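Pasting in a structure now, in structure tokens, and then I'll have a few things to ask.
Labels run A, B, C and D following the written order; every chain starts at residue 1.
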């Protein structure tokens, strides 16, 4: 069985290699190859899963040691895999959702000339992500960690000819690099503390180390997690990442990669448990982000950006839960999985809508689409109900558990966190309802628009940062680009696209209930993450009730605002908060002011300094000698008598010096 | 004259037996001087058309013979165990003397080649001419000169003059008493003064060079002889051994006059300083260097090459012998002074050279800097110091000869194109010549795998061992500065576009070709496999007394 | 009379000669000054030879004279050549080469 | 002393090849190229033999040869390689064929140019490259300080002609200005390194004097000296040792190049053709860092320990400074040059961290940086040769018209920012870990360098390769030709292979590093808690 683990990674890796190096001859069948290989690794995952179920909780963890990677004196880095319940969960999620999205992309990217490369990148991503979750030491995890970063870079910037896409890709990679640096330092710390960075040994030895060290490690890991999972303060890249094709947003920036941070924190639970201060920071980050994302989500008119903000916020939930320690880990992962289903579904739905709407992303130009694309509507709707935590659907269970856990944090802390999570729930309900209403209900705002030219003032205040609707038109083949300005003819997407949506919809409906059946999921994970029952200060039903109540409140508000009244095609100026939210609460402006422009000044002045001072010093010396030489040669004035003078003087000096030597 | 000198001594030596002259040991000098005398006779009696051939042959044979004699003596062990003082104490036949005489003779042979070159100058009325004046006595551009040119005359006297100069140079490093030193100095200086004046082109410059060289040379030799007089006054004798004895105070029974003189070292110190100054003038060390650039530039290039190489060898030889045989007792007095001179020469030479625009002047200043480097080896009063200097002189002299030989090839309408701007892009037009010159420049700069590096390393090593580490550091800095202008020339030759009216490279006859190829060969051999010659110099490192 | 006085005289002559070389322009005069220096040396030699009671110094004086004569031959030749081509025997005129 | 003088052969073959290549008549340009390529491949084979014959478990120096040379200077022509030397010789021999193939047309006479006499630039170009290779091999193999110095210095001359004599065809500032810039760069290169070398010369002489009056006979033999030191026959006064160390270190720091002695590199790499730039940064400069490891640490352990703090700081400055300047460059090649300065900072840091991870990392870094820079620089060269400009601003959207070129360029860039999975990551991580375990603060600062690396690489990629194609020259730009792909592809394959499985190299390197560490009498810092067995 162990030997299969490697294949799990190998299959998509092979696909990537073949597709990227294969050349044009693969253009016709390439996408199917990619999809097939994704499916293969899913099948392998399933096989391993059932094998694991077959074994008792104790020996469910599998190890595979492939080879010793970097053998250096006193330093052991192996390429070895570790498959336990936690990684198993991820494997299934990644390969499952991954396969579905491959399938979806076959249809979505149909008209793109570079579809083969797209699938190559997707496979590359799968491989890297699997490496990340299967690694049995932090260094190998780091490889996967940066690998997914690379894949994300390539896919966000897939339409490289769009400056906005290229910029977004670069931004994503850079921000992630900051997080990676954190992970690297964490690994250094582990090496200097434990002399190793294999999960088993580090985590086993963790509580033995000084709390200061552990806190440092924890914070560094958190930094990494923030980068990858778009948590405050490293969240700014996720919004721009929506420049990528929608399947990418669904797979990487909703379902899998962005949750890697949660995985990292959960995996390193032992370290956090011994470093309460680090844990506190984690929950704070989680809480802040979940509100941040929610607020931003309320103001976005770009459907994908709204969903992105929601992702951010949902991951905030997970991080928060993970920060709560044993009472939260399992719930974090559970929410992660359910979120994987419904968020992927929502994104695919959004993609399908855009597909039918000539890649229009501005929800204010949608409306009343439910009649034109029923399947999309239904699947999207189910996802919607799931995410707002409609009782009975996946989101309800997972989110409710997190809220309970938050309250159980104890004391003021518990109340604050609980309040935050509840508020988040309300906001979620609000912005998701808004999306729903804008997109599928109300009058069909896309019909006979008076001014449909790309020149029209953009709905996104942050036009410069690339979500510009006109720019997107060129995203696909020229034919569609031409249609961008014309009136769209909404139509349902082909089978190959709707199928995955349906499957995911099922997931978003039933997963939660399934997992919660007798706490199946919790017990499944318990051996790895450990589990303690949360003891909230309030009775469970009360909390649940509150959750539902705030949810309904949010829905109601949204309906008052967008359901009853007609929606203007161009966004109203809106309140200060709205404008702030549209600009992602000014975080980009802050980054720009703080780092970009500052850095530019620094580099410019350094270039100048290098030229004038460092280089100038050398050239100056040379020039100095030149000048000295020019002056000295004047002595050679051509008159024999002056030469004689120098000789005479020289002789005198010689004699004097000789005598002097004797004197002293 | 050594004979007469012997009789001088017999006047006061107790036994009045006839002086015995070891003709065998003196044969090199005698051969060369003899050839010179014959050369004069040839000038006097042989018809003009035969003279050129006869003189070249004669000079070559005389020098070759002398070299053979030197080798014979060295093989015969006179360089080591049989080293002795010959010519009634006038001349030392020992390792350094023979080694330096060998170098001088080789240099002279090569110099004869460059003197005899007759393909570079355009033929004057059908006769091939060398780079020496047709009729030196005639006024430049005057009727007399034109007539001489028309008649196709050439100055074949240059060969006897060369031979006389060589004779003096052979004597100079071997001189074992101050009188011989002085005579030798004049014997090789006077012919050089004349040779400087004999350029065919740019005669005014040539004459000016001669005047400057002559006046300043005479001036310095006046100091030299006065110093000699003072030393004589101090020691009562002019033989090196004698003076050394007095300096060490190991005279059996000093006469009262001698005793009184010995009482005060003033005479000794002043005299020594003046003699050293006379020698420093010949090696062109700062502050006695100022004649060098002008004379090097004005003199006919073959003469410059010969002078630059041979004079340095001879003068450093004499300096070494004086300091190591006569004045070792005064080491603590003269060493610091020479430190100063060495440092001044290295730095001044290197720095001033940076802004030179004329190849010959550039090389002149570089020779000043090199004088400084060699002095660094001289001040290390150790056997390895001597041998390092000997080796350096060997390496340096051939690089210099070769470099000046190349300079004779680069010509335009006005003769040799010595202005650096004319050399732009030479590497494009005739890569071979440029490459050869580059080799010489790199050797001057002391780049590894050239003789220059081996020499520099030997000298600095000796200096460091002699405790002159600071001198080494200065030397290193100086060579870094010096590298700059050597590199500048290379850049000019290879990396700048050739100007359309740039100079042409004349195709030389076998003579110059041979000279240059010998230069290159020696440069590379001494750079890559110096061991044999280092050993030779090492064996030759001991002075007789 | 104390032979030392001859030494003082010689030193004086030498200095005069040297300064003459430094200040006089005419090449002939300069050359004469050099001769003066040589003769100062001669005087010194003779004086010392008297003091030391051996004849080396006097013999050497003869050699110096011979050398001086040879120098005259060469020197005058050169100076005359210079004079012919420039119609001036001034040392300072011969300053084409400089820097 | 092995029977067949393999190392000498490895050095002599290219030297002879250089002479032969130079001798090829002007008309037969192609012949010269093929000859040079063949010779370099032959050298590669010999280097392969060296690697094969080298036994990691064996003696410290292997394949040793020793011939009498200049007894008077105490010099023997002693060669021998430890793991580090082997790795670097392999690198050199590996890269040169690619350099030659990449520069195939760089020295062809310009169509318009009039045939200037016997001037044969093409022959000269390839002959010089081979000559450099020969000298580099000797300096990697020399176990005699003097021999090393000799070739370390002599190397400058052919490099100098390569830099000054052959530049980019279409220079931004016009041909004449280009020539001026070139010769300026060449002179700067030579004077910087010559000055450093001459100061080293003083130190070399000093070393001779010290050995001479303590061991009786002066010697330059590395083994003899290290043995003598170990046995206590040879003891240096702290002052002397430090002076000598500085003399050596300065020369190597210029070559490496270390801030603030780096300014020659951007000029040299900017003005020379891409293959020559690769030769400079990937091969020749490595001699500097290699020499720090072998000579500075080997000869002057105490002084090295004494100087470590300063050197570490300088290395950190180089890392950050180089990266920041790379960000600020407008010229592709200068950008790569500054990136290299940053990387050399890492190498020096690893060396002076005095940990086995750091020094193994530094050694691997030398090799991997060589390969990765080669990829980046050569592809950049292909790009430049198409557009005839080095300015980043003159490009944009290349990936649309030349996807393969863009792809290889990206791989080179990712290697430069040391992406895991590519070779440089291994070395950089080792350096960082090694540094961190001794100087945590330094480790953290250096880690900031990897973020900056991402910044300059991605900026470069974004500005040149992405975006709309709005320049006619770029619309007509052809993708990589077969020759160019043949140059780049193997190197990329190597980057990936070594990134995934560096073990063969580390096995060779590790013992040598342990020897070096024992020379400087350093041991790795131990972890706070020895790792307990995984509780499973």
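Miscellaneous remarks
The criterion applied here is as follows: a contact is a pair of C-beta atoms (placed from the backbone, for glycine too) under 8 Å apart; a residue touches a chain by one contact, two chains touch by 3 or more.
Remember, predicted model here, so these are calculated numbers, not experimental data.
C-beta contact counts were set side by side for A-B and B-C; B-C has more. Chain A and chain B, compared by their mean Cα positions, are separated by 81 Å.
One inter-chain figure worth recording: chain C and chain D are separated by 65 Å, centre to centre, where each centre is the mean of the chain's CA atoms. If you average the Cα atoms of chain B and of chain C, the two centres end up 24 Å apart.
Averaging Cα coordinates per chain places chain B and chain D 45 Å apart.
Counting partner chains per residue, chain C has residues 18, 21, 30, 91, 94-98 touching two or more of them.
Shown for chain A are the residues that touch two or more other chains, namely 622, 633, 636, 638, 640, 644. Looking at chain D, one finds that residues 191 touch two or more other chains.
Pairs of chains in mutual contact: A-B, A-C, A-D, B-C, B-D.
Of all residues in chain A, those touching chain C in their complex are 633-634, 636-641, 644-645, 648. On the side of chain B, the complex with chain D involves touching residues 387, 427-432, 442, 445, 447-449, 453-454, 457-458, 460-461, 464-465, 469, 472-473, 476-477, 479-480, 483-484, 487-488, 491, 494-498, 529-531, 534-535, 538.
Listing the residues of chain C that touch chain A in their complex gives 18, 21-23, 25, 30, 91-92, 94-99.
Contacts from chain D toward chain A in the complex involve residues 188, 191-192, 259-260, 262-263, 321, 324-325, 327-329, 356-357, 360-361, 397, 399-400, 407, 414, 419-421, 425-426, 429-430, 432-433, 436-437, 440, 443-444, 447-448, 450-451, 454-455, 458-459, 461-462, 465-469, 500-503, 506-507, 510, 513-514, 524-536.
Chain C meets chain B in the complex at residues 7, 10, 14, 17-18, 21, 27, 30-31, 34, 37-38, 40-42, 44-45, 47-49, 51-57, 59-60, 63-64, 67, 70-71, 74-75, 77-79, 81-82, 84-86, 91, 94-98.
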